[in-house]
Structures are given as structure tokens and as C-alpha cells.
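Report on the following structure.
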Amino acid sequence: MNAFLIPDLLLLLTPFLVIAIRIFTRNSKPAFIFANLSFLVIFVFLNRLVLGDEPHIFFSTWKVDRFGVLMREILILGAFLGVWFAKDYFDHRADHKSKLTQMAEYIAALMFATFGGFAVLSATELLTLFLGLEIATVPMYALTAWNKTDPNGSEAGTKFILMGSVATAFELFGLSYLYGFAGTLELSLIADAVAQNMHSPLLWISVLFLICGIGFKLTLFPFYTWAPDVYDGAPTPTTAVLSVTSKLVAVIFLMVLIFGPFAAIHSELIPFLSLLAAITLFVGNLGALKQNRLRRFMAYSSISQAGYILIALIGPESLARGAVAYYFVVYTIANYLAFFIFGVIGRNRSETFESLRGLSKQSPVLAVALAVAAFSLAGIPPLAGFLGKFFLFYSAAEAKGYALILFAVLNNVIALYYYIQLIKAAWVDEPETEPEPLAITLRQKVVIIVLMIGTLTIGVLPFLNTNIFRIVG
Amino acid sequence: MTLQNCLILAFLLFAIGIWGLLRRRHLIGMLISIEIMLNAANINFIAFSYFSAKDSTAGALFSLFAIAVTACEMAIALAIIVTMYRRHHSLDVNQLRDLHD
Amino acid sequence: MTNILGYSYWILLLPLLGFAVNALVLGNRFPRAAGIVSTLLTGGAAVLTGILVFGSFGTNPQAQVLWEFPFLRFSETFAASMGMLFDPLSAMMLFVVTVISTLVHIYSLEYMKHDPSSGRFFAFLSLFTFAMLGLVVATNLFQMFFFWELVGISSYLLIGFWYQKPSAVSASKQAFILTRFADSFFLLGIVLVSYIVGSFDFATINSLSLADFSNSFIQLGIAEFSKAQGLAIGALFIFIGGWGKSALFPMHIWLPNAMEGPTPVSSIIHSATMVVAGVYLVARLFPFFMLHENILQLILILGIVTALFAAVIACTQTDIKRILAYSTLSQIGYMMFALGALGYTASVFHVFTHAFFKCMLFLVAGAVIHQVHSNYLSSMGGLRKKMPWTYVCALIACLSISGIPPFSGFFSKEEIFLATLQNGHPVVFAFALLTSALTAFYMFRMFFLVFHGNARTQFEKPVKESLLMTLPIVILAIFTVISGFEKNIFAEYLVPPQVTLPHTGAHFPWIPFAATALSLAAIILAGIFYVSPRAQIAKALDEDNRSRFYKIVAHKFYFDEIYYAVVRQFLLGGIAAFLKWFDNVVIGSLVKAATFVFQKAGDAVRAADTGYLPFYLGTLIAGLLFWRFLGNLPL
Amino acid sequence: MLETLLYNSIWILPLLTTLLCVPIPREKEKLIKNVHLFSGFLVLGIAVYLTIQLYFLSLASPVQGSVSVLRFVTELPWLQAINAHYFIGADGLSMLMVLLTAVVVFTGMLVSLNIGKGSKEFFALIQILGTSIYGVFMSFDLVLFFIFYEMEAVCMYLMIAGWGSGKKDYGGKKLTLTLALGSAMILAVFFGIHVESGIHSWNILELAQVKLPETFQMWAFPILFMGFAVSGSLFPFHFWSPDGHSAAPTAVSMLAAGVMMKMGTYGILRIAIYLMPEGARFALPYLVYLTIFNVVLAAFIAVRHKDLKYITAYSSISHLGLIFLGIAALTPVSLRGAALQMLSHGFLTALFFAAVGMIYSRTHTRNILEMGGLMKQIPFIGVAFVIAGFAGLGLPGFSGFIAEITIFIGSFENTSPVFRLITILAVLSITTTAIYILQTANRMLNGALPGRFAAITDAGPGEKTVLVLLILCLLGLGLFPAPVSDFLDSSLAPILENLKR
């Protein structure tokens, strides 16, 4: 019985249903509700899946294992939060831009992107891998340019798709060499070929092209240049999705490659990966230092987070998987917490640091939540973000990458500086003019409180990370 | 026709694509350059599947899928470019500079 | 008898109790009660001391530790303890301290009557008494230092008692910092000596023999020394502590300035007890110091220089308390060089006699100041009739300090002269004689200018000599008269423990005559200058129309200014200012530079964010090439 | 059993109180403050009770060997993925530091009673800060330790930036970021220790029984030492302290200087030296040169400053230097001296900052040149300040003297020329301390009273409690040092034992 396929099939089906429902109803509310319900159902199904140690394979091309299920759950969590976050931007104007339209389509696109992530997770050969990545990426282009009335949105979309296509070309080129090197698309067969012939130039050229191609999506140095512009120009919900879902898919792609076909040359990749990680997080941190626009700030912040994530990949597979999975749980939560707060602030104001001023007086709870989010992103204990980073480093420590860890934790000081800027704006700076009143919906309130409690507790309460590591280990 | 010649051809096409991409200031021209790069990769696949691969159908299939995917991507790219044209009334990348730090 | 010994700790506890009660309970709310409580408790301590001293000396004059408890353990064998050492030396000091303290307390009851914060005064005075008693009964260096510092702090508090008077405040600060500077060496000496010896105990330290230490070595940071040398250095450092506390040249300047404090304070702390702590220290460790010839030489030279130097300055001063202060300096010089000349008994004897007459002189000065409300000789004169009791007592004291028989000073000074000559220091002897003559001169200069001649101020209503102020003076006068005759007791009991002094046995019967004659001559000279009908007192008191040498002396050889230059300009203005500059500018700049670098690097990163698509595309290609070459790929 | 529960509650209680206060509306300031005060008092009571218990327990069974004997131990599996445990326990050193923290937190709350706006958040933050500091001293698991260790830095920023004075944002950032720099170094080395030990444990006691590879220790010890030294403001990482303290509200200054700076030195003792004795023996003779600045030179800088908090901050720097000297000398006596100084300086500097804060809240200036004659107007605070000053300059009878002399005697026992020289310099520089303390006290309290201060009033009952409590602690430690010293010995013995291996 192939029950393990049910969630994937459901997710494949629901986007169509969402659009269909929209066609037959007057507004997009039913579609929104349906989307939420289906996320719930998929999540429950994923949760109920009972899998053994061995992966379940469907016709030799679709593989579901416990790690895959875990990552699927995180992807669904990200998508769910993304939809909830986006809802407000379809209800009213924000950030001095007109409100978005066509929510059902937006949700469907987001679901497709999520399904792309599922596909990458399930890949047993290069074609599924590539298709999954593309399914995850192409909707993002559309999401970026969603706001047709906003010139910045279309500019961001143009930049994104042009550069993304070049990156796709890189990947395709790399994949073609890999195919040429191994003569097959099966990941396991490629792995055997790599183990037999570790120093073939063809292999290494393909490694270079593949890592550079995925480096674009993961915003590694120096392929990150699109990120600030696109994050800034895109509608805020898209920015959030880009920084979570898109990044997660890219990381999964990289992990599938590194711990799959390239497992044999993993140790030789370590210097390259270390350097990539170090420079990326350094540059990301530097770029975030003097930002004023919040989304651009979050872009640089997520660039440096990408660097941190990469650190985990130099460790052994089981630890790296656990660390990345855990990190993404806490990163998703903290990131969406921050974005939800920006959403509340940005409703009547622009999404800049100035708008945060006086927040601690207007709404202390929101200000506390912002502090929690910022400190979690900065990796301050006992918040979840700290433990997330801790596991990343832990993975690297197993590979004795002490120098890299030292560099990364020292960089954390810079990161702390700019996250403190965020808190300072909310807590210390006095607004120059009387700030606009805040309007906060019940949904936002609930989400913010829940996410805040999550950020505060899942770091120190052991069950989540213990389970994650048990699942992947 | 050898594998080597095909690979060199693909590489040259890739290089031409890059060159065009960097030289062109017209968005459509840049899209075409990218298309050239993508097709260079497709040539690689075909060449490998024809000359060396154990599993030769896979390579051919891959290139077919790649063509489909790129077509999809180009469609979206053109759609976005059209929206942009409506705003800017120009397809010159030099004017795409509203977003910067 | 054992009863008394068993309760001996009350001698220390009573003054402490006085301090506690006054500081915490009575304070400034009930100043009068505070004074009485303090006085009674100190008196109780004096009575106990009397019983202890006179009761025990008849039967058991041996050194003994009455009680001792561990205070702080450093290692299994090395610990600091607090105890009560009872030997002739400490008995003598206990007696002096408690008696004088009681008398000064009584005196202060009247003297400080009108001061609203006299409660605080008595609290501090009790604290001082406690600390001083703790110091003299110390069984070891640690305890000594412990109370040494407490004495210093109570001296600081009392000098600056009138805290709204800037001169008093700065004097107290100067006194404390200067002695603290010396104490830092003392502490270092303790660390060094206790490290080498492995104990703080006086008994252990005093019974060392250098031979045991000449073969092992100790590293002192700069170079390696033999442990015997190390001990010598330690002895020097310990002595520096006494040097500062006893205000020997050139660390003397704090003592005259300390006269800004209330007069009773000057009388007890800065003449009779605390300033002789240095002498006491050397006496206490005398066998230890005797091991080190050079240090004894140093003590000798410092002593005689201070004695002469201070005596010269005293001849020119016009502030009555400063005259007494310089006189104290000079007398401490005596005690010191006596020790340096191995005249242990003579020195200790002089400590004893000096305490009474000098304390009395200060009390007299206080009474006079109380009368004329001025410290300056120019405001005094002709007080003989108004203060007959005081006058007589002052005369006794002046005669005593000048070394005129049969008063106590004569006996103790004679012993000192004898000791110097016996131990072969004729030059010192000569200077000592000269100093003695100078002493007689300036004391009687002061005496005549205060009590004789015409009154130079008009009082609205002369204050009558009050009982509370006069009684202590009279009692001290009695002590001054009789204490000289204790000579035999001192000669018998007050000998340094564990060593035998070289005894030449040479006799110089002419010394008393010569000294007395010189002193008498000086007194007559003073009489000619300041009391005879031809005396030009106004001119004598005018410092402006004097020779250059006189001015230099009157300005105390400009030592205050030199200190000012060294401390203010060099240490604080120079070194400290440089360090602050270093910290602010150099370290600050490094911090700023680090942030600047990061900010600039951030700017560079953001500058790459041009928004120009071809540039972005270029970075993709460049990145590919970049990692091709820098990615450590085996290509 | 009860004791173990109580011991756990020391760090849990403040958090619970904070949670309890969340639903109370912010207008009911008095209620909130009282609840917090009560909880602070309760924790103090528990700490006192446990200290006494532990003291008699440790007397009953002396420590042998290099295994620390812990009491009130709770060990629960926690982050099983990385084998980290919730492992807390008490020995002499940590118990006394907890007691110190409890005193300073309680007094810190008392001085903050009139903090004004946002007292709800302020008190919550104090409690969280307290929790983190308690946690540091209680935990014997590296992960747990680090979580508590780093928590405190950001709390400090929030409190300084929110309730500070002057350049509060700058000062707060400087403090927090520099401390974060230190903890970054610590974290990196912790990973190294965990992996290099080969037993994959974070348990300090277990790790202490393993000899880490010497090549690892050679580079890891200096980094770990410097990481901890940052919060002890060792040169050249002292720069955060003056600016941070001067911007901080009184309670934060008290906690920062009183306890938080000791966390660094505690970490060095408990972790750096205990786990890496070979590295310590190798590196400390070089690192000790850094203490020259703190011990000898910082006091001179204090002489030149006119701002009360700067003076106090530099005084802290110089006193902390003595702790570092004591630690670096690695002799039994000097380590004990360092531990004593940690306690002593905690009380001392808390008293200092409390008095300074009270004076500032009345005069609204911290420039001593603008003050004068305050003794007449505020005798109680003035006397407390003077007592703090005396204790600071090492007056016998107060704890500072005991600690200093123990350090001097101890570091002199180290026979290498460097230590001899630095000890000599350190002893001789006690004069400088006297200079700045007397200069400050005289300038501020003595002389003529400027007219604008004629209306200020002396300490209220709450403030008096603070001052008296701290003075009593100083006196108690200064007059009865032997029990404390023995108590500390019981926890230092294993460290020394490890040093011999």
C-alpha cells in the first residue's frame, strides 16, 4: 500500500482545487479556508505516516523517508504561515502600496512551490531533482511580480527571473556534466561512480556549476546580489516566502547532492564549503549593518543565515540533517514572527526602521515579540534561534571545523549589533511625529503570540530537537 | 563528430550566451542569450547520451524536460517583462534601477 | 591574677564598644552622652590595663601571649592570627595609650562641648584607641598591619573631622595617602618576609639567624637574591612602613599639616601614640633589624637628620601647633636614631616620657587656643595670669622636653646620648646635643611668646580654666615629673628579647652636665630674644623682613611645594593624564577603528548593491570564476 | 531532597514571579514591585539557608581528589541529541556566588523602587537577569552554563537602553556587544572541548577527569581565557565597562559590576583552569602581563576621571585585575584569594554603585566637581560611600583587605620572576586606590555645600536597608574570613588537584 504518497498527491491536487473553488465563488474566502484545511489535512497525514528505517520508493523515482517527511512538515508549516501572512496584504493596503489581488492564485502558486520542495526531497534521480527545483522556483518569479500596480514589483521580478534563469543554466550545465561523468541519472549509481573516480575534471566542473547554481537560490557569496533588490521590491508576503520556503528547497537540493552523489568527496568539499559559508555570512552581516528598509534588512539577514546553514553541511550527514531541520523550524518561526510584526507596522506606515519607533509605548506586547524575534534570529539563548545555531555548529564541530565555528560565532556579534538596531528602534528611539495608530487583527494577534511562545520555549524544551534528531539519526 | 567536438560546441554556445547576456541592454536580447546558454546544456545532454552514457535514454529525456521547463520559465519571464513595459515604457535594463541601496 | 589575664580582651573591647555605641546608637543625637560613654569605657580600659600591668609585673614580667585565635589560614602551616602579646614593651604602650586616651577623652568633653557633631568625634576617638591598642598587643606582623591600617584610617577621619574646612580635608587626605604609600611597602615587606620565614609571628621572626638563609635564593622579579638579602630587603620595606607612619624625613610633611585636626586629636594621635608606631615597630622587631647592619645605619641617619631638620624648622614657626608638630618630629628622630645606635632601652624610655609631656603640651596648646581662638603666636602673649595652672604645667613640660633635671625628659635624653656615644657614634652625638639645645630654644621661644609679655589680643571675656580641661593637664604634669624616675624599671625589663646588646660599659659622666648646660644656655638665649625688655617681639614674629635663609626655613625648606610638584604635576598630571589619554585615545581609537572598519566594509557591500542588472549578472559569472580558482577544487 | 528542590527554585522562582506579574496591569506598580521584592527576598532567604546547610555538609566530609563534590544535585537528561543534561549542583564557590547574587539582586530591586516609567518591564528584566546569573553559578553542564551565560548580556542592553542615562544606547551596545564577543570565543572552545574530550560529554565533572590533548589546550585555553576575561574586563577588553556602567541604571550597574563581571572569573576558575590545567600552566605566565594594566594602571586613570560612575568603573577594573592576578598565579592561596576577592568585590562594588546611584538621583549630576559638602545633607549615604571607599582601598576589617592580602601572599608564592614583579607592583599600587577614593569622597562629601543641594534629603528606609545589608556583608567577610575561606577551599581543592596532573 502506497499510503506514503497520499500527502504528496494531496498537495499536488489542492492548488487546482483552490483555483477551481475561486472560480465558483464570489470572493476568495472559501479558497483561503480550503487551503488552510488542506494544509491541515496534509500535515496530519504526514504526521500519521509510519515509516521504517528504509525509505519507501514508488516506481524507483519517488522516495519518501523519515527525513523527507520531517522536511515536508516544515515546508507545510512555512507555506501555511506564508498563506496566513499573505492574507492581510490581500485585505488592505500596506507599505503605501495598493493591496494585492487574486489570492487564490497566489495560494496555488505557493502550494506549487511547496510541492517543488516535496519533489526535491523525493528525488532518486537527477531529473526529478531538477524538475522539483524548477517547480519550486518558477512560481516564485510570479509571486515576486504579483503586484502589477507596483513598478518595484515588476522590476524585482525581472531581475529575479533573468538571474534565476542564468542560475538554472548553470545548474543544467552542471547536471549535464554530471550525467556525462556517470552516464546515468540515478543518484545512487552516480554516487558509486563518484566513489570510483574521485578526481575526474568532469565531476569537479559539474560540482562547481551545481554549487554556483544553487548558490544563487541559497544567496551565497557572490550570487546573493539579487536578493536585496528582490526582497525589497517584492510584496512582503513573497519576501517572507522567499526567505523561508525558497531557501529551504535550495538547502534540501544541496543536501541531496552533497550527501547523495557527492558523499564520497564530501571531505574534499569541506574547504570549499567552509570558505563559502564564512564569506557569505560575513558579507551578509556587513550588508545588514546600516539598513533602513526592513525587507532589505531581512534580505541581508537571510543571506547571513544561509552562511550559517552552510556550516552544518560540513558535518556528518545525520547531524547535518538534524541541524538543518531543526534550524529551519526555528528560523521559520522567528522569521515569520518578525514578518508578522512588520506586517502590523507596515499597514499604515512604510516598512522602515523609522516606523518601529515608539512601538514599545504603543504596543508593548508587539515590542516584546519583536525583541524575541530579533534575539532569536541573532541566536541569543535561551531562545530557539540559539539552539538552532548551536546544532549547526555542533554538526561542524564533529568535523573539527573549529576555526570556522570561531569565525561564525564572532560574526554573531556583528549580527547581534544589527538585530539590536531593530530593538533599539522599537524600544529606545522616540518617534519624531505622533505615530499612526496600529491596527492588528485577531489572526495576527494569535499568530504573533503563538510564534512568540514557540520561539521562547522550543529552544529549551527538549522534545522537539530530541525527536528531530531521533528521526534523522 | 566526436564527443569532444560536441562539448566544445556546447561550451562555445554557453560562452556566447554569457557574452550576449553581458553585452545586451535589451531585455528580450538578454532572454535570448539565456536561452542559448540553456540550449548549450541541452546539447551536452544529447551528446553525452549519444556517445558515452550507459543509460542513453535518460539524457535525451532530460533534454526534452529541460526544453519544456525553460519554455515555461521564458513564458513567465515574458509576462513579467510585459508588465514592466507597461510601467516603464522601455525594455532597456539601464532604466531598471529603482531598486538599489 | 589569672582572672585579670582572662579578661584582658576587655581592654580592646571596651573602646570598640565605645565606638560601636557612639557610631550606631548615640551619634550626634546625644553628643554629651556619647562623650561620657566613650570616656567611661576608655577609662575602664585604662583601669584594666593598670591592674594588668602592675598586677602582673610583680610576679611575672615574662613575655607571654595572653590569648590568640586563628584569623585567616593561608596553608596548613601558615596562618594569620589575632592575639594579645603581653611583654614589657606592650605593657608600657598599653599603659601609655589607655592613660593618655582617657585623659584626652576627659579633656575633649570640655573642648568639644560646643561642637554639634562631637558624638562622631568621640566615636572616632574610641575607634582610634581600639586600633592603637590592637596594634601594640599584636603578636604577629599580620595583626600589626591590620591595626596599623585602622590607626591610619582613624587618624584620617580625625584630622578631617571638620570636613567643611578645606584645609583640614586636604591635610587628612595627604596624611592618609602618604602613610598609605609607606604602608604599601610595609605590606610588601610582610609578604616578602613571611614568604621567606613562613610565619608572621614576631617570636619566629625575631629569633632568625641569617646563616640559615644565605644558601637559598629568592627571585624578586628583577634579579635573584639570596634569602638573607631578601630578608634585608623585607626588613627595609617593613621599616618604610614605620618611616611613613612616624613621619621621618622626607615623609614628614603630613604631620605638621595634620595639625588641622582638633587639638585633642593632635595630642593623642600625632604626638603621643600613633606617630611613635614606627618606633614601636622597630623596637618590636628589634632583634630582626639587628641582623641587618645597613638598615640600622639607615635608621640612625634618618633619625638624626629628622631630629635636627625638624628642630631647625621649629625655631621659625609661628603656629603653636606646628611648633609642637615639628618638635614631635624632632623627638621621634631621637627615638629612631637611638634605636639605630642600639639604644633600645633609651629609645623606648623616651617614647614613654615623650608621650606624657608632648601630650600635655598639646593639651596646653589646646587650652590656649580655646582661650584666644587662634593658633598663632602673634595673637597670644601674657597668658600667664589668666591661666595659672596651665602656665605651671607648660613650664614643667617645656623644661622636661629641654632636658632639664629632674624632669623626665632629662633622663630619657641622657640615656639616648649615652647610647650613641657608647656604641661609637660621636658625630650623631654631636648633632644630638645641638638638637637638644635647639629644642630648648624653640620650646622656650614658644613658651615665652605665649605666656609672657603683653597680651597681643584683647578678649571680650576671658574664659576661666575649666576643671575638665585642666585636670588632664595636671595629671600629665605629674606623670611628667615622676616618669623620669622609672629609669631603673626600664633598664631592667625593657631590653630587647632574644638578643644581647653589645655593652661597652664605657661611662661618660659629663654628658648630663654638658647637655643641661647647653639647654640652659639656649633657654637663656630664648629669654633674651623673646622676654627681656629689649626683645623685639613684633619683629620676631614678622616673617617678611628676614634673611633669605630664615625664609627658607620658615617655608619648611619648600617641602610642601616639592611634594605638590611631584604628586600633582608629575604623578597625577603627568603619568595619570598620560594613562587616561592612552585609555581614551589609543584603546578608544582601536575600538572605534574596529567599528569603523566594519562600517566601511558594510558600506562596500552595500555599494555593490547598485540595482544595475548587468552588474548583477556579471557577479554570477565572476562568482563562477572566483570559486573556480579559490574554491580549493581539485581541478 | 527539600534542599535540592529549594536549590532549583533559586533560578526558577524569579522566572515564575515574572510570569506571575504578566497579567497584572501595569498601573498597579506597587503590587508588581512588592511581588518582585518578596520573591527577591524569598530567594535571598533560600540562598542563606542553603549556604548554611552546605557549609556544615562540607565541613562534615572534606573533598578528596580531583572530583568536585556537589550537593543539591539535579541531573536530568535534557537535549539528548547532543548529550546535554540539565545538571545543576552546589559546591562552596558556586553557593557563595549564588548568595552574593541573591544579595545584589535583592538590593538592586530595592534601589530601583522609584525607577519610574515601565517598572513592570524593568523588574521583569531584573528577575530574568538574576535567573541567568544564578544559572551560571549553578550549572555544571557546559551547554546549560553557556545558555545562562549569554542570556545576561542582552538583558543588560534592554535595561541600559531603556532605563539608563546619558549615552545609554551607545553604552549599552558597547557593553552587550563586547560581552557577546567574549561569549562567542567561549562557545567556540566549548565545542572543541566537547569533541576533543572524546567522551562527547558536556558535564564539567566528567570532562575534568579527561585529559584534553595538549596541542588543543595550547590554543584553546588562551581563547577561552580571553573569552571569559572580557566580562571580567581584563585589558584590552576593559573598554566596555566604563561606558556601560556609566550609562546603566543603578541596579544594572550593581549587578553588572557586582556579579556579572565575576561570571568571567568564575568561568576561568571553574571551566578554563579545571578542564585545561596543562593549557593554563602553559599560557597564564604570558597572559598575566595583561593584568599589569588592570592592577597598576587602571587606578591612575580613575584618579583623572571626574564622573562618579567612571571612577567606580575603573575602580572595578583595577580590583578585577587582582582577581586575574590571583587566578593567573595558580597557587592554592592565590586562587583562594581570587575567589575571596570575587565575593568581596561583589558586595563592595554593589555598595559603591548603590551609593553612587542614590547620590545621582538626588543631585542629577555625576561630576564630582559640581558637588561638595553633601555629607551634611545626606550623611547616611555619605557614610556608606565612605565605607565603600575604605573597603575598596583595602581597609582591614572589611572584606577587601582579606582578599587582597590573600592574593598578594598567594601570587608571591609563584616563583617565576614575572609573578614576583607583578605582585610587587600590585602591592605598591594600593596607594593609587587610596588617592582616587579619598579625592572623590573629599570632593563630593566635604567642603562647602552648593546652594542648589540644600533641599535634598537623606536615604529612605528602603535605601538604608540596601546600604546596611551590603555593609554588613562586607564587614562579615572582613571580620570572620576563616569559615568562608575554608568553605571556598572545599571547592577549589579539585581544581588544584587537577593542576597537579
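In this document, chain identifiers A, B, C and D correspond to the written order of the chains, with residue numbering beginning at 1 in each.
Here, a contact is a pair of C-beta atoms (placed from the backbone, for glycine too) under 8 Å apart; a residue touches a chain by one contact, two chains touch by 3 or more.
Because the structure is a prediction, the values reported are computed rather than measured.
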| item | value |
| --- | --- |
| Contact-richer chain pair (by C-beta pairs counted) among A-C and B-C | A-C |
| Between chain C and chain A, distance of the C-alpha-averaged centres to the nearest whole Å | 76 |
| Cα-centroid distance, chain B relative to chain C, in whole angstrom | 95 |
| Chain centre separation in whole Å, for chain D relative to chain B (CA means) | 64 |
| Interchain centroid distance [CA atoms averaged], chain C/chain D, Å | 37 |
| Multi-partner residues of chain C (at least 2 other chains) | 606, 609, 611, 613, 617 |
| Junction residues of chain D - those touching two or more other chains | none |
| Junction residues of chain B, two or more chains touched | 21, 30, 96, 98-101 |
| Chains that touch, pairwise | A-B, A-C, A-D, B-C, C-D |
| For the chain A and chain D complex, residues of the former touching the latter | 322, 360, 364, 371, 375, 380-382, 386-387, 390-391, 393-394, 397-398, 400, 402, 405-406, 409-410, 412-413, 416-417, 420, 423-424, 427-428, 460, 462, 465-466, 468-470, 473 |
| Interface residues, chain A side, partner chain B - complex | 125-127, 130-131, 134, 138, 141-142, 145, 148, 151-152, 154-159, 161-162, 164-166, 168-169, 172-173, 175-177, 179-180, 183-186, 228-229, 232-233, 296 |
| Chain B-touching residues of chain C, taken from the complex the two chains share | 606-607, 609-614, 617-618, 621 |
| Partner chain C, residues of chain D touching it in the complex | 174, 236, 238-239, 297, 300-301, 303-305, 332-333, 373, 375-376, 390, 393-397, 401-402, 405-406, 408-410, 412-413, 415-418, 420-424, 427-431, 434-435, 438-439, 442, 445-449, 481-482, 485-486 |
| Chain D-facing residues of chain C, complex | 70-75, 142, 145-147, 149-150, 153, 156, 160, 163-164, 166, 169-170, 172-173, 176-177, 180-181, 183-185, 187-188, 191-192, 194-195, 219-222, 571-572, 575-577, 579-580, 583, 587-588, 590-591 |
